[in-house]
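One structure follows; several queries about it will come next.
Chains here go by letter, A, B and C, matching the order in which they are written, and residues are numbered from 1 within each.
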Amino acid sequence: MNKTAQAPPVFRKTADTFAAGAKTLPQQYFVSEKIFEEEQTKIFAQHWVLVGHQSQIAKGGDYFSAQVAGESLITVRDQRSTIRGFYNVCRHRGTRLCEDNGGQVRAIQCPYHAWTYALDGRLIGAPHMDEVPGFDKADYSLHAVNLALWEGFIFVSLAEKSASTKRGGYISLEEWFAPLTGKFAHWNLPTLRSAKRIQYDVRANWKLIFENYSECYHCPGVHPALSKLTPYDSAENDLSEGPFLGGFMRITKGKSLSMSGNACALPVGDLRAEDHTRVFYYSIFPNMLLSLHPDYVMVHQIWPESPERTRILCDWFFHPEAAAVSDPSYNPEDAIEFWDMTNRQDWHVCELSQQGIASRAYEPGPYSPRESIPAAWDREYLRSLKD
Amino acid sequence: MNKTAQAPPVFRKTADTFAAGAKTLPQQYFVSEKIFEEEQTKIFAQHWVLVGHQSQIAKGGDYFSAQVAGESLITVRDQRSTIRGFYNVCRHRGTRLCEDNGGQVRAIQCPYHAWTYALDGRLIGAPHMDEVPGFDKADYSLHAVNLALWEGFIFVSLAEKSASTKRGGYISLEEWFAPLTGKFAHWNLPTLRSAKRIQYDVRANWKLIFENYSECYHCPGVHPALSKLTPYDSAENDLSEGPFLGGFMRITKGKSLSMSGNACALPVGDLRAEDHTRVFYYSIFPNMLLSLHPDYVMVHQIWPESPERTRILCDWFFHPEAAAVSDPSYNPEDAIEFWDMTNRQDWHVCELSQQGIASRAYEPGPYSPRESIPAAWDREYLRSLKD
Amino acid sequence: MNKTAQAPPVFRKTADTFAAGAKTLPQQYFVSEKIFEEEQTKIFAQHWVLVGHQSQIAKGGDYFSAQVAGESLITVRDQRSTIRGFYNVCRHRGTRLCEDNGGQVRAIQCPYHAWTYALDGRLIGAPHMDEVPGFDKADYSLHAVNLALWEGFIFVSLAEKSASTKRGGYISLEEWFAPLTGKFAHWNLPTLRSAKRIQYDVRANWKLIFENYSECYHCPGVHPALSKLTPYDSAENDLSEGPFLGGFMRITKGKSLSMSGNACALPVGDLRAEDHTRVFYYSIFPNMLLSLHPDYVMVHQIWPESPERTRILCDWFFHPEAAAVSDPSYNPEDAIEFWDMTNRQDWHVCELSQQGIASRAYEPGPYSPRESIPAAWDREYLRSLKD
């Protein structure tokens, strides 16, 4: 449902009716190793994917590592404050350079033979290699990956930059996010800071996570606590086709989604009045879930590990000053506990779906009118495989 | 060896001589993923396979789940007392419906979006689906599997019912078991109740379990306790070719097979005099071992998990009134402990065989005259792959 | 570098320069299942491989089992004191015969049906088999493997003995080791005894272990304790091409490589004066690392388990009388602890290399002049695959 004034209720009904004709994806999309490999190649190694937020590496020399399509990447802020991304592979004998998830360094030194790289990737030390005729350090910089920021979030793309401008090939992050320009300005996303990260290992295909996130038809049975705060049928979608999907649900009881029902921090930004009683849910293809509450922003990174396994990172972001004395309401655990409980309820039904879909008795079933967004997500997914 | 009076010792010798020319199966039958898949398709997804006993689901609403050829099935007694089998898969988005091994329900409700099915499989609840043009609940009943009873035991078949009557296609359970009609009437199998179930995870091919069960040539070295009660060379076989194989061994010391050597319950039925000193061992192709003692019946379900792995369920059945005060002799642990020990001795040598057979040095070896039944089982197995 | 007087420094420089042009192996050699299978077939099932030392089975009836190219082998000293090797597989139904890693037996009896073999492999007991027409025990001896000794070490070869004399086919152990005749006579290797064996499970390709062993370019960063005792640039190689590679490094501080820096046992043999301040490192293709210290000899067996996994057995050998009262200096832990620490440092960087090499960003990198032996080892390895 388009939430602008121009979109009449009748349009919404039409969209829903259309979605209701759709069915769930065939079995092979959830169990096939071949399709999994195709997804890794065509989607996760081609699209811009979320790996973190600039607040994680605030100072020069701060770095974190990320796993993308089977690759370990180093994301580092260099001495001139530019954020850069490199393959975590020494140019000498291929050794993994950074073992930790993150930290602070002055240079990147290989733990094996001590080859040393500056934070911009240049090889600056390689013992005895000057004895090799023709060896030039300039030929052995770290391999870089495309990296760019959107609203303070760090995205990388393993795609080759080339003359091609077709979708599925390389396009700039700015171009990719153009349809969302200004949409989230009120939430001050670039300034927020994560108070907590939880990693989940879910035994379900990654697409089931998106399909689950994109509807609240399951909420009455699966999420009793959530359903008390936001009625399952209060969803209004303003992005209903394409790589960005979602809308808001109304908070009809309490001030936010938390165990207590209270707001648990300063508002994250300069919200419009109506947004204080709304929670916005958007899926950003292919690996980001963006959940905007009045007092915090929850972000999921979705990482396929195998057809039947998905690693999920979930961050809870708050106002940068929320942790300071200036915010007596600050109680992040109230939100974290609420969503950790709700997340686990979701992962559980996703795992049950994975089990049943693997049956020879499974056949695509009919989406209900309350599942128009999962149906739209499936369509976008199928388009992305064709590119 | 045919145990009827007409079968002279000389015939027995002939049969043994024939079997003695046989050799064990070639290596690939024990290690090949391809043959394992073929077995699953041609045998476990085609034949009638044992999944339980009617006493497990005595009342309407009682159910248990079973794993057959990679499928989870729901076996439920409906409100009219009919036992039915369904694929454990919701018709909406494919979700696994029952997570537990068993229990009591009034209806089958999906844990994801609350679609609800009657115990006969009809879809009776599907929120919001009446808004979908053309949607008819009658089109979305649970997928049923063939299910029938033999002597109180529940068998299912994943085969498609079709015009074909050839072996390997669908035949009725009644037709399949016709050769055994009346054979076990004295043991009152439909009325018995299981006192204990133990699950074993054995790192050996499932065929090694059958070959092991079908001879007592190994008993002197492997089963010292068993060999004291029943001499290893006392076997007389009355079914020596085809899908049903076996016969009896004499109990020459004590009253039954138990730790104490005593009977540990009322006789299971109205046994003939000579059967009080006999234990009958039959293998029912492809997944049942039926061991009839004077005072209890032991039943193994054999479930291949991979070429090198087999899950085994073992039940000990007793007279329905054995547990009541009316049976002062009732001491099921005496039998359970005896066979649990003996089972584990068998699984161990099966696992050693699996290890050795995987060697490049393995070649089929000669069966001894005491291994005519394993040889016959191998022949039946090979025929079943050809169907 | 050739250490004989005839080899001038200029030749050494030439050799190094040549090696410096070499690059590390392409990615597939470290991750491909197909190449792993090829290695098992062409190298580990064809070449002579180290499985132990004669001192492990000092008396008739002593045996140990070994795993070679997926095979379990029995290595036993028979009653006439001959050391023999057999596949660990019964000729009856293929059962694994010996479950333990080693022990003492009078005969080899199958745990399943009690077929019994003499220590020279002859079948001497097979119950009931005399009833089988035409059965002859002489046809069912244990399958033997080629086995021979070099300097007291036991080697086996799964190769078929045949008319072929080409390399990669069967050649005698004596012929194989001819280039090393007399080279290690001073260390009295046949008489030594192992004081300790440690098994390591390393998540790295087996070739990374050899490449790591063959250079000390990594020592300053990886092995601070080792580098204090032997300068990383003190290596002089006398075998620089072919299946046997290595040379010595100088011990410039302390008496040996140990935690204390002291010698921790009697000298292992009648060493030349200069060898009291040298540690010799040799790799013996395809699975032996031989490290000769003045007071002990360390031997690694390298066993590939998968492209990404290697099992390593490490033994510390001492003078046969070191453990006796006659050697007050005997303190084997001083050496064991030192090398256990150093081994683990090496396995760690090998595991990091495995991780990085699996990246799509990996490409063969340039060996330094200090890595001429790893480059030579790679060349020998590639030749062995071509045979």
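Convention: a contact is a pair of C-beta atoms (placed from the backbone, for glycine too) under 8 Å apart; a residue touches a chain by one contact, two chains touch by 3 or more.
No experiment lies behind these values; they were computed from the predicted model shown.
Overlaying chain A onto chain B using CA atoms gives a rotation of 120 degrees, to the nearest 5. Interface note: chain A and chain C, two copies of one sequence, contact each other through mostly non-matching residue numbers (shared numbers fall below half of all numbers used).
Taking each chain's centre as the average of its CA atoms, chain A and chain C sit 49 Å apart.
Multi-chain contact residues of chain A (touching two or more other chains) are absent. Remark: chain B residues 16-17, 20-21, 24, 211, 217-218, 220-222, 349, 352-353, 355-362, 365-366, 368-370 touch chain C in the complex. Those residues of chain B that touch chain A in the shared complex are 70-72, 87-97, 99, 111-114, 126-129, 131-133, 135, 140, 143, 158.
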